[in-house]
Amino acid sequence: MTSLMTELIYLTGILGTLCLAIGRGERPRRWALGLGLLTAVAAAIASACSSGSVTELFGGTYRVDPLSQGYKAVIASALAVCLWLTERGPSESRRVEVYLFYLCSALGLTLMTGSTGFVSLYVAMELSSYSLYLLAASREDRRATEGALRYLLTGAIASGVFLWGVSILCGLTGGATFAALTQAAPALTSDPLFIGALALTSFAFLFKLSAFPVHFWAPDAYQSAPLAATTLIATASKAGAVAVISRFLIASGVPVAFAGWTGLLAFVSMTLGNTAALHQADVKRLLAYSSIAQAGYILTGLLAGTADGYSSAFFYATVYALMNCGAFLVVSAVAADAKNDNPTVRHFDGLADRQPFLALVLLLSLLSLAGIPPLAGFTGKWVLFSAAMDQGHWFLVLWGVLNSVVSLFYYLTLVKHSYLEKAPAGSQPLRLTPVTRLLALAIFAGLVFLGVYPTPLIEYARSAVSAIAG
Amino acid sequence: MSATLQPYLLISTLLLCLGLYGVLTRRNLIAVLISLELILNSASLNFVAFGRFHMADPSAGQVFAIFIIALAAAEVCVALSLILLLFRQRRSVDPASMDQLKG
Amino acid sequence: MSVPPIEFPILSTILLCPVIALLAVLLTPGRYTTAIKLVSLVASAATLVLSIWLCLAFNAKDPSFQYIERLDWVRSYGIQYANAVDGLNVAMILLTAIVIFCGILVSWGVTYRTKDFFANMLFLVAGVFGVFMTTNLFFFFLFYEVAVIPMYLLIVIWGSTNKQYAAMKLTLYLLLGSALMFAGFLYIYSLPDARTFDLLAIKQQVTFSPMVQNILYISLFVGFGVLAACFPFHVWSPDGHVAAPTAASMLHAGVLMKLGAFGILRIGVYLFPDGARFWAPTIAVLALCNIVYGAMVATQQRDLKYIIGYSSVSHMGIVLLGIATMTVSGFNGALFQMFSHGIMTALFFACVGFIYDGCHTRMLDELGGLSKTAPRISAFFIIAGLCGLGLPGMGSFVAELLVTVAAIGTYPVIGITSLLALLVTAYYVLSAVQKVFYGPENHHHKDFKDINGFQFIPRAVLVGCLIFFGVFPQIFLDWVNASTRALLGA
Amino acid sequence: MNLADSVFIGLAVVTVLGALGAVAFRALFYNALSLVLCLFGVAGLFIYLHAEFLAVMEVIIYIGAISVAIIFAIMLSRPMDKSDEPRSPSASLRGAVCAALVFAGLWRLLSGARWAQGSGQLPDMRDIGKALLTTDVLPFEAVSLVLLVAIIGALVLSSPRERS
Amino acid sequence: MDLTLLWTIQLAPLAVFALIFILPKNARGIAPLLGLTGSAAAAVSALCFLLAHAGKAGQPALHYSVDWLTIDLPAAWPLGKAVSGTLKAGFLLDPLNLLMITLVTVISFFVQLFSFYYMREDESRPRYFAYLSFFSFAMTGLVLASNLLQTFMFWELVGLASYLLIGFWYTKPSAAQAARKAFVLNRLGDLGFYLGIVILFVGLGTLDFTGLGKDAVLSALGPTLAMAAGLLVLTGVMGKSAQFPLHIWLPDAMEGPTPVSALIHSATMVAAGVFLLVRAYGVFSASEVTLEVILLLGCVTGLIGALLATRQRDIKKILAYSTVSQLGLMAAGVGAHAPQAAMFHLTTHAFFKSCLFLTSGAFIHRFHSNDIWTIARGGGRKDLVPMLTLTVGLLSLCGLPPLSGFFSKDLILEAAKHHGLAAFAACVAVSVLTAYYSFRLLFIVLFARPTAGHGHGHHAHGHDAGGHHEDLLGGLSRALPLLLLAALSIYAGFLGSPMTHSPILVWLGGHEAHFDPAMAVKTLVIIAVGCAIAFALHRDPDASEKKLESSKGPWAMLVDRRFFIDDAFVWVTKQVGLRIASFFDLMDRWLVNGVLVNGTSYRIADLGRLAVRLQSGSLQGYLACGLAVLAVTLLWLTGGSSR
């Protein structure tokens, strides 16, 4: 049971929140928040502490191993940040039930990272997805409903296609577990149906990762969801997706044709996300497009299909969560100050004067997203692209780097607003609560540390991947 | 005839494509949802068929189908409440009426 | 001069000086501006002293790398923190130290967001030092970009004249160039023989096929060439120089542009000598474009900084031409030009910045007779101008001589055509001098105050360097000669 | 052609026709009814596949719960007899082309497939029960959470808004 | 000891230059004194050296050099052989530059002395003396240089000094303009010089004057390249020594203070070109064509200069064109295989021309005008000392025996005659014209009647009344250099005269001149003709002034427009050079920056707009897109299977 500690902690948290949901008003909400934070932190610690062992459970449909534990820790940490962000979000999205969705979603993602059978994978994915759909809708205005519906319907189609793919895989391999897939895959690498099945299956993953061609929901959902939920979608959900893809690809291998297909999608994702982001004024929407582009980068690393690729994907997912947390932390502070859950770039005017530290964190997060050294995002991109280059995907790598240059344009635009433009007349200094300050400091330190000395995390990722892939 | 896979696959493929067609063309979100159900059904038909003919564990396909049915219920539940919410907000369930978010 | 070898890791110490100062500055509350300035100054002075020491202590006769420092960083990716220097690096480190020392002094008058300014400067300098001493491609790239990004902030916050456009253009352009480097480095690593980013190890272990050499060399050349303002990738540079604040322009034109040329030599030519030979004629043509075209365009400018910006384009062309000759003298000349142009252009910007601060304009037509109002700053500008037009006794003359001789010897037509720039340069430099400093006094600038004794120091230091190395060029050449020889395998 | 086959063909036709009706009718209520028809067909096919339990589930859950919920939703959202807006020709074409292409591609792939060797055993309901409580206990538990989330979500969404 | 003297000569002025700038503001008053001390030290050292080594022909007195720069080239153009040479820096002292250095330092001293008077009222005096010292430094460096590159370096530095001093009164736009013009035109010449040096270096591997003998050059480069090298180096000479068509900067250079004109733009710097012709005679004489070109250029320059001098009313312009013309003569002397004669003429010319310039300075300072009629009417002739030195100088310029100009010019005429009729005719014509404009100047100053309006114009300025109230120091520093230079103008000729067995020529390695009475007679005739014409035209200065003003003929226009040479340069610069530049500028803005750089970013932005348009807000559109990708994927895969 100790190996399922993380999941059990979530479960406990969910039950607790369920009880609290009976109550109404501010006090139970605070309790729920506290309980949620406690759960998240405990889950993070639990997964970090049990990251040494490898256990197979439930007849090989679920694994607890260093890689999944790593992803779980990332998801839990991101969850903690998101929960904290709800504190300053719009009031209608701060009902007690909402915390239940957060925890369920995180639990779903956690289960995703460990699933090695298609049934558990499917259920875990849907658990996280439905919670996220509901979170996206929790602002309860027209736009939120619209965004959530688009999110949901795209997700439903993606699951449908995924199910089809899985069914074909079952037919081809004779089993519904990754183990069966691994066993049968070598004989199937040149079978077009197998490739097709992989492609169909990956639709759900691409949807989670918000990669082309099922990325369309992302800008709308990011924009319309409450900030904290957006953050969860942008961080934990991505990490879960990367975990699942890694596992799936480790099991199936990456046939050349499939790598080519994924490369094409990565190519389009990057280009589309980055260029579209150039025209955004709403910061959340901008970050959504940025995440589409980032999905392209991550795919580039993953399609290498090597241990390097998977470990660098883990590293990048961690870093990605970190830097997006940083960015959204600042965005939420600005949003709370502006009493507008959808801040535009204009709201960032004069941030450096109003709150220099926050501006610095924003700067570092954005530069890290753009892959500028000596920040974590740079190292992440380096290892990611290095893995892709090893497999000869030089064009994709080159394209990816060129794309990050383009991305720098819109990141810098935001930086420019915070550093160069004058704050509107009469604006006050932006106050930070100690916890927020601490969080920001931690993110700051993490970005710099992982940029300058990424060794421990990279080595961890490598050993974790080699523990699975052998 | 019923003892081979091919007819089932043909039926499920047809269901899938009809469902896709419906999803893409209907101007009513509930109709879209109905089409989605077709897709899910085609998938579960697939699973059961593969489970019957080609899988090592004969129950695996059915188990999968059970989960699909259960999750379809959840999906419909969430989707319908969202659609009704949209209807309350906008007096319309036409997907084209969702036009607030773009660009 | 026999100075004993240095026992402690001097390179890391040089690198750490600005880093520690950066931390100190970040931790100092912003209102203690003097403390911040002093910390920066002390750090830059320390690097200057250490660099001079390094120059004296390192063994110029030995063409191999010296003062090697190695520390495993990410072992599984072949990433090491590795520093080492040969003649090329030493010269550039000295240049950087001189320019930053003067740059800090020149920026003493910065009042707007002083802390941020000096933090950015120190960060930038740390990056530059890093590039000039590392031998690991990962760290090379890391430092390279570290040197680029603070520039954006420096321009956008403290700059002038269309600064947003210029800053964005500069940053994107330079990073675009580095994208090619990035891909190139990763490709090298991905070769089965390599599996390391260590420059020395790559050189030893890997034999590149001619095709690969050609492709990699040109992609690295374009990547670095952007920073070196190689035609037709030069347009960021005048705009950037114009928009940047004084000290940033000094560093940028003085040091950052040299990063590009240095990279071409250190990595491009070092790893891919055959590729370099293959592309040399093409590069020579581009360099000629730089030289003549840059000078010609400079004659058409009305803004003093634009003139200097285009003159930098022209002068960097000489560096590129020297590299394109693939001869010892050409390389020596290129390095010498990097050094002397770095100092000269720093001096230029130190003067123009001061004039702009005082007169609030840099337009030739709005200035005039400044020699009367401000004789000292005028003198410094004129000295820089004279160096720019290649007056003997100044560093640039020697550099141009070496490059020209090599170029005429290698590509007669290009070499001879490039001489045209000497004439054009004289024309535009003297025209600018005539318009700005000569002629009747302009009443708008009556209150313009000349530099005081303190502000005299940095500019005097720069002039001193220019003349010292112009008169005793062999000192510099002795530093680099063995290394360039080794680079060419001669 | 024996009786089993005839019934099978009948079921297949019912299923496909039901699906067609679920998509093609412009009146939403007919769609729902067609869906029910289709689902009956699928349930019948399940029986042919020796998945009797699943057929029952299909009827109970799908027809008994899901379809009914949809019909309720239809009734809540609009007058029963009102037809759907006509689809735009371009959208129809787009959908038809997409669906046709998917069909063509998928069918060609599927018809050339080399499937895994099955065990040939007929599934037993006990196996299903065992699986649900052993190998698939985790998703089984998770599904309960999904349903919980869905129900609470539906409640939250449909409950009148709190103004705080 | 010798070396110490040389270092003194070389560095004393530099030290003064540096010192003046380091001096605190309130101590700058001693700048003139410092300048004087520096130049005196240099002059004394030079004289000491001269005394120690004079007369020892043949061997260089001293050859000192250190390595300066190493150059390595594999297989270099144009000879295709590897070059590995060390450029040196050092002193090479032989009779030629011993003579030159003495000349330079002595005249420099006189000019500094005169400046003491001339610049007394100028508040930028310290700067002036600093520049002057800098010039001395550069000029001595040029003269003492042991190799061609070093010469070139100092050659540029004297150019800088000239630039600074021409633009000394930089608030005057014309001065600033003239300074730039001088520098740029010199640069134009120097390009060729530079290239010539490179070719010589690549060919010979050394640039040392000792290794630049005719045979060495010929054997290393072959005839064609030797000619090319000679012609290229010649372009440098054309710039510096104001040879046609690059002579146009010299008249404009008169914008500088007059003592500067005396020192730099007549006596020393502009003569450096001729000095180089003699110094690197081996390079030029390696090809007969080069020498012919030099002769041709010299003659043309001489004629043009003399012709232009005939219609000037600015005393300094007259002298400037006269300088151009005399430099032409010197060049012609070299071209006619008589380098020693040219050098001798250079020496005498230095004395009398600097004397003349200082004299004009004395006039200008007193009468506040450059116009000869104004000076004349102001009572120039009453100013005895300048009047005397003017007369001596002009007569020497005409070559009246036994003044110094006679001997030196005679030698050149003789060489020209020896060489060919055309050259001789040109030189005679120059001489006639010289005599004409000299006497023109003299007559106008002598014969003009002082008028009330002009006569006491200078009194209006309230200072310096007719020279009678000058203090002793001022008077002395005014008169002493004039008189001493006049004396030198008279007697210097005997250094090369047949009567004294032409010590200077012999010392320089030439033949002893022999007295040719026919030549002397010819000279006298020439002077007489010139004098007669001048008398005929200018015995009434008022009338001649009117005539000058009213003459509108084509010839007058041609001369007044300076033979359109300036216009040609302006046209080329503006219509060709700047046109190309503005085309490049346009290209940079429009093509490189506009299309390439901004264009790329706009295209990327357009792509982004396309991507945004894809995000149309239509859910079914999104899904259709996803499914279309799916369909295409599947079809692609079936295609793969059918293959």
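To keep things simple, chains are lettered A, B, C, D and E as they appear, and every chain counts its residues starting from 1.
Rule of thumb we're sticking to: a residue touches a chain if its C-beta (ideal position, glycine included) is under 8 Å from a C-beta of that chain, and two chains touch if they have at least 3 such contacts.
Not measured: the values here are computed from a predicted model.
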Task: List every chain that touches both subunit A and subunit E.
output: B, C, D
Chain whose mean Cα position lies farthest from subunit B: E
Between B-D and A-B, the pair joined by more C-beta contacts: B-D
Task: Report the most central chain, judged by the distance from each chain's C-alpha mean to the global C-alpha mean.
output: C
Task: Would you kindly say which chain has the C-alpha centre located farthest from the C-alpha centre of subunit C?
output: D
- request: Just give me the whole-number Å value for how far the CA centre of subunit B lies from that of subunit E.
  value: 95
Message: Please tell me the distance, in whole Å, between the geometric centres of subunit C and subunit E computed from their C-alpha atoms.
response: 36
Centre-to-centre distance between subunit D and subunit C (centres being mean Cα positions), rounded to whole Å: 69
Task: Take the average of all CA coordinates in subunit B, do the same for subunit C, and state the distance between these two points in whole angstrom.
output: 64
Query: Of all the residues in subunit A, which ones touch at least 2 other chains?
result: 119, 122-123, 126, 130, 133-134, 137, 140, 149-150, 153, 157, 168, 171, 174, 192-193, 196, 219, 279, 406, 409
Message: Quick check: what residues of subunit B touch more than one other chain, meaning two or more?
response: 5, 16, 19-20, 23-25, 44, 50-51, 53-57, 60-61, 63, 67, 71, 74-75, 78, 82-83, 85, 98, 100-103
Of all residues in subunit E, the ones touching two or more other chains: 601, 612, 615, 619-620, 623-624, 627-628, 630, 633-634, 637-638, 641
Message: Touching pairs of chains, all of them, please.
response: A-B, A-C, A-D, A-E, B-D, B-E, C-E, D-E
- prompt: In their shared complex, at which residues does subunit C touch subunit A?
  reply: 73-77, 116, 138, 141-143, 145-146, 149, 152-153, 156-157, 164, 168, 171-172, 175-176, 179-180, 182-183, 186-187, 189-190
Field: Complex contacts: residues of subunit E adjacent to subunit B
entry: 612, 615-620, 623-624, 627
Message: Using the touch definition from the top, list the residues of subunit D that touch subunit E in their complex.
response: 91, 94-95, 98-99, 101-102, 104-106, 108-109, 112
- prompt: Quick one: in the complex, what on subunit A touches subunit C?
  reply: 352, 367, 372-374, 378, 382-383, 385-386, 389-390, 392, 394, 397-398, 401-402, 404-406, 408-409, 412, 415-416, 419-420, 453-455, 458-459, 462
Query: Where on subunit D does subunit A make contact in their complex?
result: 105-106, 109-110, 112-118, 134-139, 142-143, 145-146, 148-150, 152-153, 155-157, 161-162, 164
